[in-house]
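We call the chains A, B and C, going by the order they appear; numbering starts again at 1 in every chain.
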Amino acid sequence: MSASLLRAENLHLWRAERHVLKGVDLRVRGGELLQLTGANGAGKTTLLRALAGLNHLEAGRVFWNDQDVREDRAGFHAALVYLGHEPPLKSDLTGIENLKYWTGMRRPLTDSAIAEALHATGAAGFGTRPVRTLSAGQRRRVALAGLVLAAVPLWLLDEPTTNLDTEGQQLIERLVATHLQDGGLAIAAVHHRLAIDPSRLRELNLFA
Amino acid sequence: MTWTWFHRLGSPPYIYRLAGILTPWFGWLAGVLLVGALYDGLVIAPPDYQQGDGFRIMYVHVPTAWLSLMIYTWMAVAAAVGLIWRIKVAHAVAAACAPIGASFTAVALLTGMLFGKPMWGTYWVWDPRLTSELLLLFLYLGYMGLRSSFDDLQRADRASAVLAIVGVVNVPIVHFSVVWWNSLHQGSSLSLTGKDTIATPMLIPLLLSMLGFTLYFVAVLLVRLRGEVLRRERAASWVAEVVAT
Amino acid sequence: MSDRLTPPLTAARLVVSRDLLLAFRRPEQLVHPLAFFVMVTTLFPLSVSPERAQLRAIAPGVLWVAALLAALLALDFLFRDDAQDGTLEQYALSGQSLTWLLLGKTAAHWLLTGLPLSLMAPLMGYTLGVPMSAGAGIMVTVALGSLALSFIGSIGAALTLGVRRGGVLLSILILPLAVPILIFGSRATELAIRGETYLAPMELLASVVVLSFTLAPLAAAAAVRISLE
């Protein structure tokens, strides 16, 4: 299987009157992590959302495996998971139920697969409790389980270490490292750089 | 080929200049036609056989009612073009149309009411034409209300475009349902024009008026469009040059 | 990396079952539109007259206006929670057709709001002097009308996502579009109350229903993507 490749050329985006993305270029291969750094408001979240196809790009194109993502939007979305600031979980459902409906909408899941994913992110102990009873860090672990379960090549992560303690940050680094080793690629907006094998690390700094 | 012409229309400075050139033509022609229609309708044309001089308000009511519908359709078309091909000038056209269309609808309603008073002794009747016009006014107000509820202009443009398209699809359905409803109840003796054929001396001022009001709409649209374009492009350098002169 | 994707119909079914499950976890919320419906209907005898003949004459209109207002109120929570916790965004990014997902979501919403309203309507009709024999007719007409309303309303709900005081704006946007439903539905109800055949307006109402559930999810999906931009 040839390596996956995400390429973006000359991305321009305006938010109201502000020129947020001014000709951004990037290139990430399978096995690499691109870290987006920059001050608050520099456009990290906007860039991630634009790559995912949520925000509209005024100019520029995004290519996934050398195909313009606009030609097959559904196919592109099936190959990525985007995790924003808040974990996308319904507070009245349990962790297990959330995963069943969220990731289950993408690909068929078995109960054992769900249990395994929760175990991998340290959330096995509270998977059967309603999400509203969980702390912010616990919710993030459930969301990460969903990420692992989706088994997609492209991860778009917006500040994945938010609300996690040191052990949690190490979890993120482990999950990303495994993902990269399997040939996946990730783009993460971070405030603190992740400790990943430097040969796999790229960085893009955004200026406000 | 024709596509270059289409692409040029999408350029804000080009549209601004073009609109500025065309406005006086449309404006003066509209003025001449409307004065002619007014004179013909009020002075030359004979009073109606059944409805007397009160019928003369039809020379204003019929064109404005027809235009209120045409403008909504035109607004929806422009909005659709802006939505599908992401052309900003198209959104500006739609935005500029809305208040004009709403005003025409209001005038149509008012003239309809003015017709009703001497004819049936009451300002308001629930006849299908007036009721449809009233609902059309609500559609316009809803569109303008949706636009103004967003701070982000792009979202305002795109959301109101969806609304305009949904609205234009629904207008025939709404009109049909109102006509159907009305036929159930009265003997539909109360109808705004109630005429199947119009005698020629009355047809001419009507047509003049129709054409005159249409050209008037275009003239006002061009003026508003220039204002919209300036407002939207105010950060661009060409606007600074225009304002400086 | 898995190649097997969830089929679209299964995804839509998951959307429906999720929303139903969520609703049953908080059943109190389902009562609000129903309570509103009952209260609005009650206002008419209080403001007009308690005399049965008069009430029976205005019953179709009262039932339909009250049902329409209650349905508009209920539309508020079609997308609100999902937009706030980010799950709506995940729907748009799931690789599934958003149109199908919203079809499922709106259908689930009707099951939770419109269907209970249509079951309640004959009871309120009874309080307005309508004989119970007309109950079935009232139920069917209100069920169909509220179904069309849920779909048309979903467009308005998607357009006004995140807008301040969006509920009032939603009502203003949807009411003119809801007029055909109101006209055909109340006429069908009126005929049902009189014991006459109500096939003609029912067919018209049914065609509005078909039109709305085929076209509305498309428009709603476009509106949702615009709201997420």
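Just so we're on the same page, contacts are C-beta pairs under 8 Å (C-beta built on N, C-alpha and C of every residue); 3 or more make two chains touch, one makes a residue touch a chain.
These numbers come from a predicted model, not from an experiment.
Taking each chain's centre as the mean of its C-alpha atoms, the one that lies farthest from the centre of chain B is A.
The central chain here, found by comparing per-chain C-alpha centres with the mean of all protein C-alpha atoms, is C.
Centre-to-centre spacing of chain A and chain B amounts to 49 Å, using the average Cα coordinate of each chain. Distance between chain B and chain C, defined via averaged C-alpha coordinates, is recorded as 32 Å.
Taking each chain's centre as the mean of its C-alpha atoms, chain A lies 36 Å from chain C. Multi-chain contact residues of chain B (touching two or more other chains): 154.
Along chain A, residues 56 each make contact with two or more other chains. Annotation for chain C: residues 229 touch two or more other chains.
Residue ranges of chain B in contact with chain A, taken from their complex: 86, 151-154, 235.
Against chain B, the residues of chain C that register as touching in their complex are 155, 159-160, 163-164, 166, 169, 172-173, 175-177, 179-180, 183-184, 187, 204, 208, 211, 215, 219, 222-223, 226-227, 229. Interface residues of chain B facing chain C in the complex, by the touch rule stated above, are 83, 135, 138-139, 141-142, 145-146, 149-150, 154-155, 158-159, 162-163, 165-167, 169-170, 173-174, 176-178, 180-181, 184. Interface residues of chain A, counted against chain C in their complex, comprise 52-56, 74-82, 84, 86-93, 97, 100-102, 104-108, 151-153, 182-184. Residue ranges of chain C in contact with chain A, taken from their complex: 1-2, 4-6, 10-11, 14-15, 17-18, 21-22, 25-26, 81, 85-87, 89-97, 228-229.
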